[in-house]
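For clarity, chains are labelled A, B, C, D, E and F in written order, and residue numbers in each chain start from 1.
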C-alpha cells in the first residue's frame, strides 16, 4: 500500500481538481490513475509533474508512441513496476503491437548488456564520435 | 585507456576477421569502432555480441532509428559514455534530427523522475493495468 | 518470503543476542525489525552492519533526521522497497512532516531527471567547479 | 565535449535570455553554468527544467542546504559527475562544512550497501511499516 | 502477473519446442521455468537469449558456481527479484553453501558502498592502475 | 580532481597512520592507494571502511579471487571507474587470467540483459524458487 492515501476528486482542493480535469480532457477519459491521486497530496508537485508530463509526452518531432517506447526503456532499466504497467498500456493505446514491444524489449536488454561491456572494459570513445555535431 | 588492447585486423585470428568483415559489410563502411576491437580479445563474446546486436538493431516491426532512440534511453539512464557517443552518432545517421534528440532527452529525464515518484511513494498499480493483455 | 529464515532472540547465539540487545537499547524499543533478524544468519555481517549503521546514522555535524532524508534519497533512487518503508518510518519518528517528505520526494525526482540531462548531453564540468576546495 | 554547443547570451533568442536573466537574479550572480547553456538548445526543456529546479530547490519545509544534500545523495548514487561537482559547490555555498559532507557521504555509502542486503535477501517488510500513516 | 502469457510446450511452435528441449537436456530436468515461457512469445529473442545464457554460464576458465555468484551480484545490485530467486537456487544446485552466500552478500554490499565513496569524492585513478596490462 | 585532497602519511593524525600501517601490513606493500588517502579526510569513515573491506574481502568460505570477481561485477554494473581499475588489478594479483576476466565480463553483460527481460515482462517467480531453503 502506498505511503500516503490517494486524494479523490470529491475531497480535492480546487488546484488539484483543475489538474484532474485537465488530465481527463487531455486523455479523453474519466479515469485518473493512482499516480496522480498520490501526487495530489503535494499539489505543487502534482501540478508541475502533470505539466511536465503533458508537454514532454505530446507528439512533436517524435510521435507519441515512440515517446512511450523511450519512457518504457527507462522504466524497465530502472525497474519501476508501476511505470512499466502504465506505460505498457499507454504504448498499446497509441499503436504498439506485441511485435513492437518484443523488439523494444530485445533492444533494452541488448543495450543494458553492451553498456556494461563498454563501461567494464573502459573502452575509449573513438575520436570520430566525440564533440558537438 | 581500456583495460585490454584493441585487436587490429592484421593481427586478428580468422574468427575475428570474419566478424570485422561482417560489421563492415552490414554497415557499409570500412571503419570498425573500438567496441568491437576490444571485445575481440574474447572472440566468443565478440561473435555473440555482434550477432545479437545485428539482429536486435535491424529494422523489423520497429524502424532502425526508433531502436537507436531506445538504445540511447538505456545508455543515458545507465550513464555509459561510450554508448551515448556512438549511438547518438548512429541515431543521427539514421535520421534523428536535433529536435528529435532534444525531445528524446526530455522524455528520458521525465521518466527517470517519475520512476522515483512512483517507486518512492510505493504507488499501487491500478487494477486495470495489471495482467496480460 | 526472504531467502533465509529470521533468527529469533531465543534461538540466537550470544553474539547475535548482544547485537539485538544493543539495537533495543540504542533505539529505546523492544522491537527488532526483520532486517537484523535476517542478517543474523551471518553474525559477522550482522555485527559489522549494525556498528556501521549505528555510527553513520547518529547525530553529528548533521542531525539525525537529515541523515534519514539522505538515506531515503538513496533508497528511492535504488528502489529498495524494504528500506523506503523502514526509513520513511524512521524519518517520521525523528520529526519529518508530510510536507518535508513531499519536498524531499520532489528533490529526488528532480535530481534523477537532471542527472540524465547532464550525463546524456555529456555536459562539461565548468572549470570553477573542479578540484578540491 | 558535450554533444551540442553551449548557447551564449548574445546568441540566444529572447525566451532563453529570459531564463538566463532569471537564473542570474535568483542566484545573485552573473555566472550561468554549462548545464543551462547546453539545455538552451531546447528552449522548452530549458524553461521547464529551470522552473522545476527553482521551485523544488527553494527553501520550504526543508531548508535549502538539506535539499542540496538530498540532491547530492541522488547524484552520487547515479554517478553524475557534472551534478556532483555543481551541487557539492552549491551545498558549500549554502553552509555545508567538510564534516557535514563527510557524514553525508558515509550515509550515502551505508544506504547503498544496506539497500542490497535488503533486496538481495528479499527481506519482507515488517507489518508495522506498511500502509499509509 | 506478467505482461504476456507463458507459452506452454503443447501450444508452442517447433522453434520454441526445440529451445525447450535443449533447456531440458542441458539442465537434465523436465522443468522449464517461467523466464523461457514468457520469452517464447518472441521466438527470436528466446533462441538468442538461451544460446547466450547457455554459452556464457557454462564452465570454462571459471567454474559454473563462480559464474552464478557473479550473476547474483549483478541481479542483487539491479534488484531483479526474479533473477535473485532463480540464480540463488541455481548457485545452491552448483554447490553454494549458506556461508558462501552470506560472504557473497557481504562483498556485494561492500562494493555498492565503496563504489559511491569513490564516485562521490571523484577519486582519481592511481597511475599504476591505468592502461592495459 | 577529487573533491578533497589526499592525506599523506607525514601529515596524517595517529588514527589515520594506524590504518595506513595496517593496509600496508595486510597487503604486504608500501603503497597506499588514493581511495584510502581521500577517505582519510574523515578518519571515522576511513577506519570503518577499511575494517569492513579487510573483513569482507578476506578468504573464507569463498576464496579471495572469487570475492574480487563479485566486487568487479558490482562495480561494472554501477560504472565505478575507480573501482573497476583497482579491483581489476587486485583480481589479477590474486590469479585472475585474461580468460577468466573475459568470461566474467560475459556473465556480467548477460545478467544485466536478462535482469531487464525479467523485470520488463514482469515475470512471476516460479513457486519452486520462492521461500527460504
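Just so it is clear, contacts are C-beta pairs under 8 Å (C-beta built on N, C-alpha and C of every residue); 3 or more make two chains touch, one makes a residue touch a chain.
Please read all numbers here as calculations on a predicted model, not as lab measurements.
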{"item": "Set of chains whose contacts include both subunit E and subunit A", "value": "B, C, D, F"}
{"item": "Chain whose average C-alpha position is farthest from subunit C's own", "value": "B"}
{"item": "Subunit B-subunit F separation of Cα centroids, rounded to whole Å", "value": "27"}
{"item": "Centroid spacing, where centroids are CA-atom means, of subunit A and subunit D in whole angstrom", "value": "20"}
{"item": "Separation of mean Cα positions, subunit E and subunit D [Å, integer]", "value": "34"}
{"item": "Per-residue multi-chain contacts in subunit E, two or more chains", "value": "1-4, 44-45, 48-49, 52, 55-56, 77-81, 84-85, 88, 98-99, 102-103, 105-106, 108-110, 112-115, 117, 119-122, 130, 133"}
{"item": "Contacting residues of subunit A [partner subunit C, same complex]", "value": "3-4, 41-42, 44-45, 48-49, 78-80"}
{"item": "Residue ranges of subunit F in contact with subunit C within the complex", "value": "1-5, 44-45, 48, 51-52, 55-56, 130-133"}
{"item": "Subunit F contact footprint on subunit A (complex, rising order)", "value": "72, 76-77, 79, 81, 84-85, 105, 108-110, 112-117, 119-122"}
{"item": "Subunit E contact footprint on subunit F (complex, rising order)", "value": "1-4, 31, 33-35, 38-39, 45, 49, 52-53, 55-57, 60-62, 66-67, 69-71, 73-75, 77-78, 80-83, 85-86, 88-89, 92, 97-100, 102-104, 106-115, 117-126, 128-130, 133"}
{"item": "Interfacial residue positions of subunit E with respect to subunit C in the complex", "value": "79, 84-85, 88, 98-99, 101-103, 105-106, 109"}
